[in-house]
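These notes are about the structure you will find just below.
First chain written, first letter: the chains are A, B, C and D, and each begins at residue 1.
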Amino acid sequence: MTHATTALLLTAPIAVPLATSAAYAASGLRGAKARAGVAALAHRTPRRRGAAAPVATLVLRPGGRTDESVHHGSPTGTRGDGPGTATPAGPGTGSVAPPGPGTGPDGSPRPGPGSVTSAWPGPGPDGSAAPERRGAGSVVPPRSGTGRVGVVPPRPRDAPRVARPEAAGAVPRPLTGRLGLVSPFAILTCGAVLACTVPDDGPVTAYGRLLRADALTVWMLLTVGAVACLACAANPAHLAHERTDLPAARRYHLLIHAFLAAMSAAVLAANLGVLWVAIEATTIVTAFLVGHRRTRASVEAAWKYVVICSAGIALAFLGTVLLYYAARQAGIPEAYALDWQILAARADRLDPSVTRLATGLVVLGFGAKAGLAPLHAWLPDAHSQAPAPVSALMSGVLLSVAFAALLRYKVIADAALGAGFTRTLLAGVALATLALAAALLLAQRDCKRMLAYSSMEHMSLIALGAAVGSPLALSAVLLHMAGHGLAKTVAFCASGHIARLCGTTRIGRIRGLLAHAPCLGTAFAAAVIALLGFPPFGLFASELGLFRAGFLSGPRWAVAAALVLMLIAFAALAARTSRMLLGPPPGEDDEEEPVPLGADAAAPLVAGLAACAALGVTTGPLTALLTEAGEIIGGH
Amino acid sequence: MSPAESATVVATGLAGAGVLAGMLLPTRARIVTVGLCTAGLGGAGMAGGVAALGGARWSAYLPGLLPLAGLHLAVDALSGLFMAVAGAVVLAVAVYGIGYACGRGPRGTASRGVQSSLPVFALTLVLVPAAASVSSFLLLWEGMAVTSLVLVLAEQRERSTVREAGVWYAVMTHVGLVLLLAGLALFAAGAGGETFAQLREGAAGMSPGARGAVFVLVAAAFASKAGMVPLHPWLPRAHPEAPSNVSALMSTAMVNLGAYGIIRVDFELLGGGPGWGWLLVLATGALSAVYGILQAAMASDLKRLLAYSTSENLGLVLIGVGAAGLFASSGYPVPAALALAAALLHVTNHAVFKALLFCAAGSVVRATGLRDLDRMGGLRARMPATAGFFAVSSLSAVALPPGNGFLSEWLLLQSLIHGMTVPGVSTAIVLPLAVAVIALSAGLAAAVFVKALGVGFFARARSAGAASAEESPPLMHLGMGLLAIGCTALALVPGTLGNSLSRAVAAAGLHGGRPLAGGGLELRLDRVAASLSPLWVTAALLAGVVAAAALIRLTTRRGRRTNARLWDCGGGAPTPRMSYTATSFAEPLQRVFDDVLDPEQDVNVTPVRESAYLVERVRFQRIVPDRIEHRLYRPVLAAALAVGRAARRLAPGSVHRYLGYGFFGLVALLLALAVGW
Amino acid sequence: MTDSVYTQLLDLACGAFLLAAVVVLWLRQLSSIVEVFALQGVALAAVAALLGLHEGRPGLLAVAAGVGLLRAGVLPRLMLRALTAGTPRRPYPHYQEDVSETRETRPLVNVAASLLSAALLTLLAYAVSRPLVELHPTPATRALPVGLAVVLIGFFTLVTRRRALAQVVGFLLLDNGITATAFLAASGVPLIVELGVSFDVLLAVLVLQILTTRMRAAFGGTGIDDLRELRD
Amino acid sequence: MNGTMTATGTAAVTAQVALVVAGAPLLAGLMRQVRALMEGRAGPGVIQPWRDLRKLLRKEAITPVGTGPAFRTAPLLLVATTAVVAALVPLASTVTPVSGSADLILVVALLGLGTVALALAGLDTGTAFGGMGASREMTVAALVEPTILLAVFALSIPTGSTNLSAIVSGGIHDPVRLASPAGLLATAALAVAVLAETGRLPVDNPATHLELTMVHEAMVLEYAGPDLALVELGSQMRLTVLLGLLASLSAPWGIATTASPAALALALVLLALKVALLGAALAAAEVFWAKLRLFRVPELLAGSFLLALLAVTASYFLTGE
């Protein structure tokens, strides 16, 4: 491979998403010009057909102003119901908050149609504006037995945001459709090409050792690409169903692609400092994605997410700084003192006590980002509030990318300190996280939070695998990351559809999903079955490998304890899910027509499940890659 | 291509075709195609198994499948026996299943998910015995678990109890998996490799402690699959709630694999285990046998009764396996081989008659919508064929000649009686008790099946559903007929199995000669003075019946029988409500075993409004709960729920608290590092 | 600059740096807190500049200037803006003035206990950084505990303060501490990393500011205690 | 096995069956007569049961409405099983063509088959009496089973086989065995079990027709005419065979162990005497016994179970060395 090709391959996963992101940003500037065309399109396309349209053409649905205005015109009296009587409808919000202190004594109704609300990202227009009382303003969407999943009557809460039609700049639809999938495919393609060469030719670098791709990188790239493909394919349906207006949709796309770029950068970075910067960048980008809906709950989730993750990851930076200090004192020149490969090669010269401190901080810090205790608490909140595809991306790959960063440090620490220190640390963290997740799953009441805790469970398993540390365990860890990413993506995307269909994410209020919406229910059930670790899905193979390796070489007490805790989590997850899925359909009429799932919504789910199942059956051409990646981290 | 290999390939191919058909075809074609594919798969499995029993061996390694491990398959006579049994049952039940799901069958059974899971489930049943490495075994094992879970949930729309049963099943299965995974992984770690060949070699080098741990973990895991007390609660829930063809498979081929696992891993791979371990197995089997059949005696739900009877029969099998292990570990291979052969024969017999019982019960459930014996009755007249099949299988199940169940229990008793030659106080105490347990369970089994047959099928209909029952379609009869033929063949000429059983026993690592010497018409034991000629006994019985009938014919003045009213004590014709129900039938037994069963009684006296001294209504209720479940599982579940509720306080929503976790984590880490960790 | 003067000045700057962190814990008025934070930024820049002068690295001086600009200039300004945006001029300022919005009235741990905790945390920092100092004892590395202490104090602020802005300050204290550690330990991390980190910090503060605004719109205040809807 | 042996053996089997069939009513008559005499009554005479049977057999066969094949075949099966048992058990000779299959467990199971058939017939009538009888009968049968098998176990230990011919000839050749604690205990346990199996006092009262106490009679309440004759005959044969078995096990002297016809003839005579003696003793004892409450029966059976268990352990510990 020539130097230029290498550079291209290593840059593209970052550059293409960035460019896409920029394109979305630019389209906002050009929006005015495109608007006329979009309006025409909007009138030609009947609203309800959209959900069944092919993926490539269905990305954004323009505002549909006529419809919206109808909803603006709905009497505010119904919306102004007291919070106590209204049923929360927003996905992921289980409780109705009492009115905040600023509600105003008159309980002033929400702004009427056409009123100007805060523009992103500027501050709110006026402190006196009545706070958006989530829950209070939303009525339960009537359950439409004939409608397709997601085509639910519009949510009035969104209405004020669409209230400025003149701001609705638009990217022409076909463009956005392709654009949305370009960057995931770019990542996947680069990963695939590298997967062909790296196992044979060894790692490649570019830009003066700034970017580097070894087997671990390639595996993570493939995982990121695959999950991103699914999530981006699910985006259009999600946005359409959420009735997102164009600027918001554009912001959404912009951020998603920036997010992908940051993750690719984190995976490709050869320099630990750059790695840290990229991971922190994901926090910043996803903060807005978490808060995308701008409800009280989503603002809360975003705040917790940013504060906890930033604080956590700052600790990781402190650890990195200390490692840098140790490296400099070990005689590694400044330019290479954060270079992973060199650090790993010369780790035996690092001062043990400094490295120990650094490693502890890094485990704590990147552990926060990977959803591990003790800084795990952002995870259920953020995952339950983020839009479903974003939750999927965060849970599916962001956690893994953060953990992959941790794995890099682990190599250095193990070489400097011997395996004992990280093993104890990671095993402790893993067990604490697992115990926490299992305990909180036991009486879980919210569907998306349940999935989030399940992510914690799986991340702790991954951490346990890293604690075991043999090549087999590490290969299993990487396989687990991929399998979990795919399965969790499907689960989150399906949970998004479920939330829209049922108008709630409360487990207690969702009944008979398999009877009510068979396709959606089946997909969700299959995803949960995959997450529970049943064959033929990839998680079975990885868990099996992990426990085998654990009993062979690892801390057996930890592995045994993990098995017991996982049993508890299994029971909780199975019991909770069965509550949602099984039983007669919720309507009074037992013979009610089941709700079909649109092709565009179904495609990512089916693809994700198929990929996950394929991983469980065989890794095919990726076997060598997986083995080598396992040996990179665990091979000493 | 060896027969086992071609059987595996054909079975896999048919399973794949069945899955596709289950997903793609319209309802009726789907059911028929899936049924035929599954039946073919069963046939292939049976053929492969029989070939292996005949001495053919086969092994294969597919490195590309199952990431991180690869798939190892191997077939010997022991696996062959279980493959053949599973294949045969699958074949018959699949034919039955076509009729069961078509037409007025339960809605859920015909659905795509259920129909496409069925062939996979059948495939795993056939292939689990062929797995030859820890990973392959667990893969197939879990495949079996997940497909059976889907199948158990088939009728989830109709009854809310299905969900509960499904969760119990899933969780208990997972408990089993956790034990199994831990046990096998420990074994693989100790033996230094995960293929069965490596385990076999490495087992000798393991420390006694490790061997003991592996033994107990693995035995517990398999015991839970076999429905052994106290890991049984899934069984009386899942089997009744599953569609009957699925119950038939689960209650036979699947639970058999629990016994297979113990024989394969604890007996063969581990090279025998500690004596105390086998005592434990034997005790578990004995406990389960008595407990299972007692609960069956109390049950009035027909399928629950059959499920508990499964627990009993597998308990008997484990008594045999445990005894075999005990004898082998004391160095007496001859009685050990006999006991193991008895266990294997009982596995076979039980599979065939229990499948037939469940199929017949399914036929009743399908026709009447009833599982409650108290509300059945009179089905003999409405569904003669089903009643006949149920009678045949009941005869096998009650361990009385000329049923096939008698033969294996006879063999089991023989092995225990002759095991007294093994010295040791433990045998002197354990074996008589085991014999008593077998006898008690046989006696109770007689009561149980008299109840099931007599109350369920005889007398008169006690509900509208039973009164309007219609006979099932011919395909179901065909399936049941195949099983009935199997029962009969096993009952009359068990000697033909002699050589196969000997090979299977040898494959389990017992080279104590051939336990069954006789071939053909006689069942004669080798080196032990005992023999049995089931065919002659049956013939003599028939001759006796014919002679007695002839006697009546000759002596009676009028040849024709005349009908007459039942004696009504002069109080008008007895109504169906007066007849004995299953509950009343079981009442004496329940009083006898009062202390064990611990029934819950509830008397509600409602006085009339005007006066507290006048009674308007008295409501009496007595429930015989599963005591083990109540005492062992309820507290655990309650505690888990309490922990879950309490754990919510860990996530109170306060960002300060969340940051505090991190802060204290950091401080703790720093403190640990500062004090010099 | 002689070594002793350099050491004196460095210790002075570090002392000011630590003191500023402690004072943040002490103060209640949010605007004052921000001002103190700006002062801390100055001290940090001074540390960097002193190191640059001592080691004769002009690059480090430039970095010092940048750090000073960001942490003493841009970030405090951003925070002040958020603060003023949250307290609009009302026609009658004395009437219904919402004091709680601009003051950290009742922190989770009261001020006295906070200060004691800060003392303990500082001791912990000294204990922990012993191996760091021992690895390469110089005047700069001897001051390393200060950086760690500020990290811990920053984290403590983050945990105990109820106002959104106070939490932001806590986060920035944490970050300042890390930057100081980097300077003291190894004269700063490589430039590209330093740039990336600064950019990230800036963005993080921006994000937090925007979220504060949204919080105010949604909850009618910036009390973190109100954020308790998402729980199990 | 040479021709004469086969011939004598076949003759022995035939003679056994014939003796049991013909003698069973006589035994019943004898027992009733003994009882009547002891109670101070004249008694109907020893052959009264035969007269009853003849009377019943001549009546027309009656099928109660609503009963099915189970009801009709149960009497046939009862007689057939007992006849087969009579052929298998070495009552008169241990050298018969079927002695190889004369397994004690098989004998017990065959008797159980008869019980089950009758119980099903009782349920088939659909009356409260039938169900009640079946339920009680099966309860008792289930509880008797462990005792019987343990007794079998104890008896088979010295011989090392459950084959009845082997046990009996072992007893003939080694009489000490019979008087050993194990042998005595086992025989006692078996005796109790025989009482329960045959529905005699104190477990069941064959003469009662009171609802509260009926067990066996409740089951067969609907039978009439030839069917009832078979049921009666079957029960009497059962008693005879079991008493004969008890006699063979506890006092095997005189049973032919060779193929000589003379020995066989002597054995048959001795058999009749032994059974008559046992029957008379039983009848005499029944005069002094009261029927136990149904729910006290388990205590009795538990006692006999204990005896059987002691027998096994005794035989192991005392002879195992």
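For the reader, a short list of remarks on this structure follows.
One rule holds in what follows: contacts are C-beta pairs under 8 Å (C-beta built on N, C-alpha and C of every residue); 3 or more make two chains touch, one makes a residue touch a chain.
Keep in mind it's a predicted model, so treat the numbers as computed, not measured.
Inter-chain contacts peak for the pair B-D, counting C-beta pairs in contact. Centre-to-centre spacing of chain B and chain C amounts to 68 Å, using the average Cα coordinate of each chain. We define each chain's centre as the mean of its Cα atoms; on that basis chain C and chain D are separated by 99 Å.
Here the spacing of chain A and chain B, counted between their Cα centres, is 44 Å.
In whole angstrom, the spacing between the mean C-alpha positions of chain A and chain D is 79. Contacts with at least two other chains are made by residues 128, 155, 158, 167, 224, 227-230, 232 of chain C.
Among all residues of chain A, those that touch two or more other chains are 303-304, 307, 311, 315, 353, 357, 380-381, 440, 443-444. Annotation, chain-chain contacts: A-B, A-C, B-C, B-D (touch as defined at the top).
On the side of chain A, the complex with chain B involves touching residues 303-304, 307-308, 311-312, 315, 353, 356-357, 360-361, 364, 368, 373-378, 380-381, 436, 439-444, 472, 475-476, 479, 512, 514-515, 522, 529, 532-536, 538, 540-542, 544-545, 547-548, 550-553, 556, 560, 563-564, 566-568, 570-572, 574-575, 578-579, 582-585, 615-620, 623, 626.
In the complex of the two chains, the chain D residues touching chain B come out as 57-66, 68, 70, 73, 75-77, 79-81, 83-84, 87, 98, 100-101, 103, 105-106, 109-110, 112-113, 115-116, 119-120, 122-132, 134-136, 138-139, 141-146, 148-150, 153, 156-157, 160-163, 166, 221-222, 224-227, 230, 294-295, 298, 305, 309, 312-313, 316-317, 320.
In the complex of the two chains, the chain B residues touching chain A come out as 64-69, 113, 134-135, 138-139, 142-143, 145-146, 153, 156-157, 160, 162-163, 166-167, 170-171, 174-175, 178, 181-182, 185-186, 188-189, 194, 640-641, 643-645, 647-648, 650-651, 653, 655, 657-659, 661-662, 664-666, 669-670, 673, 677. Residue ranges on chain C touching chain B, taken from their complex, read 108, 121, 124, 127-128, 130, 152, 155-156, 158-160, 162, 167, 224-225, 227-232. By the touch criterion given at the top, residues 85-86, 88, 128, 131-132, 134-136, 151, 155, 158, 164, 167, 171, 174-175, 177-178, 181-182, 185-186, 189-190, 192-193, 196-197, 199-200, 203-204, 207-208, 210-211, 213-221, 224, 226-230, 232 of chain C touch chain A in their complex.
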